[in-house]
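Order of writing sets the labels: A, B, C, D, E and F. Residues in every chain begin at 1.
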Amino acid sequence: MRTDGRSKDELRRVHIEKDYIKHPEGSVLITVGDTKVICSASIEERVPPFMRNQGKGWITAEYAMLPRATEQRNIRESSKGKVSGRTMEIQRLIGRALRSVVDLDKLGERTLWVDCDVIQADGGTRTASITGAFVAMVLAFEKLLEKKTIKTLPIKDFLAATSVGVIDSQGEVLDLCYEEDSKADVDMNVIMTGNGEFVELQGTGEEATFSVTQLNKLLELADKGIRELIDLQKEVLGEVADLVGNVEVSSKSDNNSGAGK
Amino acid sequence: MRTDGRSKDELRRVHIEKDYIKHPEGSVLITVGDTKVICSASIEERVPPFMRNQGKGWITAEYAMLPRATEQRNIRESSKGKVSGRTMEIQRLIGRALRSVVDLDKLGERTLWVDCDVIQADGGTRTASITGAFVAMVLAFEKLLEKKTIKTLPIKDFLAATSVGVIDSQGEVLDLCYEEDSKADVDMNVIMTGNGEFVELQGTGEEATFSVTQLNKLLELADKGIRELIDLQKEVLGEVADLVGNVEVSSKSDNNSGAGK
Amino acid sequence: MRTDGRSKDELRRVHIEKDYIKHPEGSVLITVGDTKVICSASIEERVPPFMRNQGKGWITAEYAMLPRATEQRNIRESSKGKVSGRTMEIQRLIGRALRSVVDLDKLGERTLWVDCDVIQADGGTRTASITGAFVAMVLAFEKLLEKKTIKTLPIKDFLAATSVGVIDSQGEVLDLCYEEDSKADVDMNVIMTGNGEFVELQGTGEEATFSVTQLNKLLELADKGIRELIDLQKEVLGEVADLVGNVEVSSKSDNNSGAGK
Amino acid sequence: MRTDGRSKDELRRVHIEKDYIKHPEGSVLITVGDTKVICSASIEERVPPFMRNQGKGWITAEYAMLPRATEQRNIRESSKGKVSGRTMEIQRLIGRALRSVVDLDKLGERTLWVDCDVIQADGGTRTASITGAFVAMVLAFEKLLEKKTIKTLPIKDFLAATSVGVIDSQGEVLDLCYEEDSKADVDMNVIMTGNGEFVELQGTGEEATFSVTQLNKLLELADKGIRELIDLQKEVLGEVADLVGNVEVSSKSDNNSGAGK
Amino acid sequence: MRTDGRSKDELRRVHIEKDYIKHPEGSVLITVGDTKVICSASIEERVPPFMRNQGKGWITAEYAMLPRATEQRNIRESSKGKVSGRTMEIQRLIGRALRSVVDLDKLGERTLWVDCDVIQADGGTRTASITGAFVAMVLAFEKLLEKKTIKTLPIKDFLAATSVGVIDSQGEVLDLCYEEDSKADVDMNVIMTGNGEFVELQGTGEEATFSVTQLNKLLELADKGIRELIDLQKEVLGEVADLVGNVEVSSKSDNNSGAGK
Amino acid sequence: MRTDGRSKDELRRVHIEKDYIKHPEGSVLITVGDTKVICSASIEERVPPFMRNQGKGWITAEYAMLPRATEQRNIRESSKGKVSGRTMEIQRLIGRALRSVVDLDKLGERTLWVDCDVIQADGGTRTASITGAFVAMVLAFEKLLEKKTIKTLPIKDFLAATSVGVIDSQGEVLDLCYEEDSKADVDMNVIMTGNGEFVELQGTGEEATFSVTQLNKLLELADKGIRELIDLQKEVLGEVADLVGNVEVSSKSDNNSGAGK
């Protein structure tokens, strides 16, 4: 039995409120249990310098928490004058995930800025951000479609994320709340598409290790949770959901730069 | 006739939702027209170095906007690596205003951190922050009372703020929305207490000047608006509102440091 | 009786030395009691990016104190790697005040940089900076006139500033020195033009509040002091003083940007 | 056929030179193909503030590249004044990986600083860093053993890392060089222990996705490569290798802090 | 003939005004031709962390220019958020030079902060700073003597500095003004003591080189100039000058830290 | 007798390994005793803004140490977020020295970036950097010659550097190792050309002073050491060494900017 009474393969209650704030082209408030994230998607009619004159678009994500989103107040990163490693890691992850399902050529030379601001945290803020950001992104692109700035919705597939983990006393569980997460031996974030493929897999033994058998159980749980999240995204999006995947995919473009990986 | 149909001495619709987020000792969501600010109040059981061993408390405020709280997306201050002059000015103002109605000796050696995060902006964000922060602060102190950490509510009077301004075509008006604010000749922020005294007055001619006569009309409008805001604060706070002002005021303490003003 | 023997409505001794340093287009050393500020005005033949191609000029002010201008040595802001909130607030104030009496259209696409460097502080450094900076600015514009870069002196009116305050034992007084300022209950900075209108009014109760009656007394004192300061400015400037206000004022231009105020 | 003639499941030539620089307690130069990393391990006799008085140790890793380790010169992070997101991600990864095989209680209240400085980059710099850093760490702990500062080598198992990926034309391959990495559809870093368990798994579709079937093939390749790397580590370390795993493992300690994950 | 009519071995007009600002323990305004520097010396009753509990004092110097001290306005280092390499080099030089003639053991565990702020620049600002800072330092130590905080003036010898250089058309000259300096082939700063020994010698070929013969001529000129400067220092200081050198020198202490030089 | 058995006028063992890393246009590993520095030279086909459209090139040097190049681990400058004064001083010195023997007009509008990264420090890192950087620079220019990007090797003369110093017990010595350097009374870095002229001379009394007689002895030692270093450079460079000095020198160009020196 889990601390909040859920079964091992059960998501927390998830709710996505569309058009939560008025200025952005797309925005949602996503609630996963007690975790609440405002995701907004803004269109900018140009791309960063390293992408110019390639005829394709770009997606950049930023992530932050209000200082008192957590049990203990955190110092603002603007006051510290720098963004923490954890924040950078998360915003790089969100951006990479969203780009994996977008046809950047079809988007044209514009940037989508995605802002994920956690107003209340209870575990799983990065995966909630991705699931919510996908919806905000579709809403923003829908605006471009309506204004006929673009001709097709440049989205190849749905995208959602969840966490899974191994807890000493209970084994493998889906969608960890903060209390579970803080005592987990293994913590894994999984991002998948509507057709059940992986976009990103990040599994970490927290001063522990894990076997192939455990890995396979975790991936099954994640698969179940993500299918449910994508069903919810479709319901929230309504008609525009049917346009996802209706893009004739351009061939993979090479935008690798010269850094050693 | 004003752009949104209000009369010159009419506030926008104001709403204050208590306990908006779960972790802080006190929190509200204040809505003034389309301006929305999350105000949270956190207690820390120590004071900053310059206040130590004086037996009195301190109040620090921070203010920020989500990047897309505004019509145009703003770059995050954490990404820029520094806090703008405008932000600093506002957070100094909020902190100073709250301290003016708190008996810091009665608070004891602890710090109240007040965070005002604008999630949607439509003019008057700094004055809405102050009006909301006052309520969040009372709620946080109420927690200390309940835990018997302090014996009396260390608040000398109510506190609220609004903006008034001079618009070319309409003269003096109360509570400017962003559209009005952007074309105002004179912009004034007024912070007052429950007994009708000034805490702070900041009037600025925006490439314009103003006369004593205009000043007096503006102050009358502000006085009317602030009385209404304080009535709302009382209603929202319920019983604890009766404890405001029940503090036997300590004599003004001198905490001036050696900087030239 | 005030600590330095002045009557309540008496300014400290004020002196303005023209052309104090040789490189700037305009410069003064202003002395107000023991407060000494070097104000220099520099012309740059371009405007900041947000002002480009509008055919009008811009004025930016910077303010700093030598580390040992004060009783206690302050750490340099360059060493700390950032400008304090207090400094930002003051430099924004100086710039805004100067812009309020300049016809930026007549100035043309150039920037006036005003630097106010306090070499000795004894209260009232920001108001002394404004009073001195106005003179340095006129001197710099006079150079442009002499070189026929501009045709008329683009200054609509005189501008000066002083502080007033309420001190427990003495009531309302004019032009506070540091000792007075550090024990004042109310501190107000007033900036006015030659025709007696307000440009900026910043009144703050320092852990105290103030009434309308007190406000009115303070404004009367400020009015008297500022008239005397403007008389001194005229005397120091000599002939060019007659050109102030001889500008056919352009209509107020709108240079508001999209930030929520 | 791969660009450098290797078979799909073949590592590049790997060489580890012990005691490469004289000052650190442990150091190696690890060469993997044309990738060269200096790994040094330094003992500091105290722990960071958040770990104090818990009787256990800590491991912190830092990672950097010489500006011209890569084809194009990179700007130094010290000149930019901040560490990039990529760097932070890598140094967090290295530290986490090393900590997973160390008994921090047995280490005692001291910090191991691990510095991985890439002097020449040709793909796989982060995995080479981990494989080399493990050896440098053992050497540093060996010094502590010799000085009898600690009683047992506090290392629970061997640790090595490699990359695997999917390349369009060739399918799944082991140990990608830069040229391969830059055209891979899927890129996965795998960190494993001597007993074949996972410590960390980071798989990313680069504007692509991957299936469970592909995942399983990749994990097999990684398993083969890492076994070979650990054999090499044993050979390089000599006698001290036998002490790895001879630690009676303390129970997992909980050092989670209060941040939302 | 030099641009300003001086002979090759002639200093510019030098003037040192004592007690130029009121707050610092010691201060001067030094004028060398058109170069003007405010030097202030402040006593702090503690030493930096790396010097604690050694029973000896420390001297730290800071150097800055007002933005418009020069022909072109310079951006403030506080606005740039960092101190330039040139500034750091100069302040390290000033501190090192002053420390070379002070018996830090006799000073006791306190820090002397020396601030050199250039208000007008015309070449030779770093050497004028050193010559002026020496006088400000003596004045500050005199205060300590008067208060009997120290028993002897902890100064071993006089100290002054000047620049010499090679100019294409004129050969070796003493005390270069800015116009000369900007066209010099060789630029050398020389710091010497009252007994004619070198403290520091920094000679630089500016895209040029110089021979031993030229070096010797330059050193002779510097020697002459510095003798004259020290005569002036003695005259300005009056009686306290006689105490310089009356210290029984402690043996050289070793405060070298472990950095590779 | 010196600590390592050398005579007073004896260099440590010096070795220069060409083409040490594969990406840069020129690179060496220079070893002087236990001091090891990787010097790399990179060509960028543009110049910094202040040099544009003058038809001439530029040389910029950067210097850093690996954190554990020294006995005690140093905090990385990228982690501290700023470059230390010592580092800035050294990289300015290296750049200035290299520029003094290069005909920047002949180089054309391109920048040579020189990176000196100390991987092991035992005194004399800045002089070893200069001696090594000269060789790396020649190798990089040789590449430009081979590609016929430039027509002549734009190098006017050889360039090398060494340190000399005065040690209490031994008098004047050549090429100080760290142990000697840390107890030296006088420390002098000398940079000379192949024809025996000075490029830069930096002598510092470390809480001590030095006489003309001592200066002359030090310069003799430096002259001897530098001749030997230049012989080694010629040997390492082989045939291309003959092209050094074969440039018809352009007249000295004036690239002085307006800062007061």
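We adopt the following convention: a residue touches a chain if its C-beta (ideal position, glycine included) is under 8 Å from a C-beta of that chain, and two chains touch if they have at least 3 such contacts.
Chain labels with UniProt names: A, B, C, D, E, F = Ribonuclease PH.
On a predicted model such as this, the values are computed, not experimentally measured, just so you know.
Considering the contact criterion stated above, no chain is in touch with subunit A and with subunit D alike. Subunit A and subunit C have Cα centroids lying 51 Å from one another. Computed centre separation for the pair subunit B/subunit C is 27 angstrom, with centres defined by C-alpha atoms. Each chain gets one centre point, the mean of its Cα atoms, and the points for subunit C and subunit D are 59 Å apart. Looking at subunit F, one finds that residues 69-71, 81-83 touch two or more other chains.
If you draw each protein chain as a dot and join the dots that touch, you get one closed loop, with every dot joined to exactly two others.
Neighbouring chains touch in a ring; in the direction leading from subunit C to subunit E, they appear as C, E, F, D, A, B. Against subunit F, in their complex, subunit D makes its touches with residues 21-24, 27, 34, 36, 38, 40, 42, 44, 62, 64, 66-71, 73, 76-83, 87, 113, 115, 117, 119-120. Across the complex, subunit E is touched by residues 35, 65, 69-72, 74, 82-86, 88-89, 91-92, 96, 99-100, 104, 118, 121-126, 157, 163, 178, 181-183, 185, 187-188, 193, 195-212, 215, 219, 252-254, 256-261 of subunit F.
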